[in-house]
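Labels for the chains are A, B and C, by order of writing; each one numbers its residues from 1.
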Amino acid sequence: MAVISTPAKRATVSAEVADKAILVVDDIVKRFETPDGILTAVDHVSFAVTPGEFVSVIGPSGCGKSTLFNVIGGLIDGYEGSVSVAGERLSGPHASIGMIFQEESTFPWRTVIDNVAFPLELAGLPKAERYERARHFVALVGLAGFERRYPAELSGGMRQRVSMARTLAASPKIMLMDEPFAALDEQTRLLLGDKVLQIQQELKQTTLLITHNITEAVQLSDRVLVMTYRPGKLKRAVEINLPRPRTSEIVSSEAFGRYVAQIWGDLREEASRGLLDDEKHKLEHHQ
Amino acid sequence: MNSFAALAKTRWLPAALGIGSIVVVIAVVEGLIRLGPWPFGYPLINRFIVPMPSEIFLAFPRIVVEENVLSRFMLTISEALSASILVAVFGVAGGVLLHRFALLRQATETWVAAIAAAPLVLIYPLYLVIFGRSATTIVMMGFTAGVAPTVLKTLEGLAGTRRVLINVGRSFNLTRSQQFWKILFPSALPTIFVGLRLGLIFALINIVGVEFLINFGGLGQLINELSERYDLAGTYAAICFVVLVSICIFVLMERLERWLRPGE
Amino acid sequence: MTATAGVPRRGFVRPVTALRVGIIVAVLATWELVAASGLLYRDVVPSLAAIAVALYKTLSDPTFYFHLATTGYEIGFALVIGGVSGLAVGMVLGASKLMARAYEAYLYYLGPTPKIIFFPVMIMWFGVGAGSKIAMGAVSCFFPIALNVAAGMREIDPVLIRVGNSFRANAWQMVTKIYLPAMRYPVINGLRIGLGVALIGTLLAETKLSNRGIGFLVIQAYSLFNMPQMYSLLIVLFVISIGANALIGRLGGLDDIKRS
């Protein structure tokens, strides 16, 4: 099941893996034109995700993982390679992919229930049915009772939950999340992480999580893909063979620690490259 | 300073201070006028320039009854309403248009800003010639003055929609029309309201102003007439009345806004 | 940054410039058409040539500059009086929560009131000359300046104030070295709006009762039904007021903010 892309060669996903997978990211290359020249954000990245799997993509800041997120979500075009969902090639945002963004994304002018019912509204469902279904998802993220509140009345963590419920309400085949907990404090992050895990297990939701937090990645995922610093390639894929549910005992276990150490070993190298590059860049531009 | 801060937080003291100081000032003015030439040999406040507050107060009922204040008020209000509707429709539409067509926006945004900054009111003689001494002139003047700021604020609101909300819309594959009505417009609404308030302010200033200047219409004309008749107390009373009306309009506008946008 | 993102230079003329020129040409052409056809009462839309001639006459007439100077110094005094008092009151309101809660609402609701209605009172207090015009302008610009300054005061990063206090700056030093520089943008913005409304107040006062100033010239042209002259005056007036507005903005460094 593991796919490791070897850096220098053009590696793609083999046919038999693609057959079983629900999401196939095939040899994506994305370049940007900047004043400093051409920047390769994503450099021949390929991987596949099977149904019900929870995959994290982890990498240092500036490694192109957000670009990858936008490519898979269909918000960016002009890339080489392809993204396919259930065999169908994507060309833009797709109903089968639900996106959760890093920033605050609830609609401040709608109540919680109206936020969550948004995709159902788009699908044209009648009001009563919309609200009934939306209520289910509101309860799923643990916000039952807050349906009539406005986002301004909620905390940051609660608002992220609303965004999550809204995306879930669309029943996407694949959940795509870009550092959804980045703006939250540690405790909220941990609690929400548990919540996400619980929901994912219950719904058997295929999930792709972009993050820079190693603990989070190991705790939540079946597989962790480590990206290099720019140009972003997949350095390594790590299978997380820990039992579910991932209780706090498991999180504090030795095996867990070993996974974290291994991934940090890879990341540290990339992260320090990123830091040096950053400093060099700043020096050059303050001449 | 600590005690001041604490006092500021009480609910009644600031309001009492505000109202109280006004009452005190009125009383002092009244007193100084009544004093007359005593003790300096000339009056500190001449009663032929500033009538006694008590006289002004008494003039109120007289004005209301004799000068058809109600019908004048209705006239000014209806002019303001007509101008506001025109401002709202064309102002918001203009802002939406400029937002939709980036090239148009790049070409004309600075022009609209310049128009918003210019003393347009001096155009009123032109309107007089075109529309005559009529309510149409006044409404058109109000509209002309109020539309540019509304366009700018609408544009600002739409352009200021948070990037992530637009991306949410894109991730749901919204059509252009859906994106506008479900995301851009609701997000811009607070700023649009600021623009409408601004437009109404400019419109009202110009409406009452032109009424005063051409001696036609409602409340503005009333003030002009009373001053030409040298009815001092009446003039002051009418001015106070117009101030009160203006205050009421804007308080109402705020209530309206709060009712329409309960979330924020 | 050498690369400019956005509109690439294709061909000879940038699209924005082309559009602007197109709009101007269209407006002028329509104007001339309406003027020639006599659709509106003939003189309301005089031909562009007539307006150009009138413009030339206006600008070469020495008495015009006398009137311009009159209006100019009326506005100048009005801005100084209204500006300084607005600044002072705004700073008091911004600094003291008690004062703000007691009095700011009055300013907020009096602000939108059309100030021209106070004109008869101004005449009684300051006479029919420049005094009443200056008073009109000052009263007009006092409110937006005071309100903007009060809001600006509240937005100052409290850290800066604590720094000033830690150096035991006296009140005057706090004002000139901390408050005013920190509030540069709200003050400049307030001044722009203040200029706009002072202009309206003063000009309207001149049209109502005066024998000098641009407002007087405008109403005089109207009463003589000399439309080209009136248009030429309006053109000059708008160019100056827009220029002054931009100048104040530029002085305050506002354009830099927009660009970043």
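Definition applied: a residue touches a chain if its C-beta (ideal position, glycine included) is under 8 Å from a C-beta of that chain, and two chains touch if they have at least 3 such contacts.
Note that the structure is predicted; figures quoted are calculated from it, not measured.
Judged by contacting C-beta pairs, the busier of the interfaces B-C and A-B is B-C.
Ranking every chain by how far its Cα centroid lies from the centroid of chain B, the top place goes to A.
Taking each chain's centre as the mean of its C-alpha atoms, chain A lies 50 Å from chain B. Taking each chain's centre as the mean of its C-alpha atoms, chain B lies 17 Å from chain C. Of all residues in chain A, none touches two or more other chains.
For chain B in complex with chain C, the residues that touch the partner chain are 4-5, 7-9, 13-15, 17-18, 21, 49-50, 103-104, 106-108, 114, 117-119, 121-123, 125-126, 128-130, 200-201, 204-209, 212-213, 220, 223-224, 227, 232, 235-236, 238-239, 242-243, 246-247, 250-251. Chain C makes touch with chain B in their complex at residues 7, 15-16, 19-20, 23, 40-41, 43-44, 96-98, 100-103, 105-106, 109-121, 123-125, 192, 196-197, 199-200, 203-204, 207-208, 215, 218-219, 222, 227, 230, 234, 237-238, 241-242, 245-246.
On the side of chain B, the complex with chain A involves touching residues 162, 164-165, 167-168, 170-174, 178, 182-183, 186-187, 189, 261-264.
Per the touch definition, chain A reaches chain B in the complex via residues 73-75, 92-95, 97-99, 101, 103-105, 107-111, 118-119, 122, 150-152, 170.
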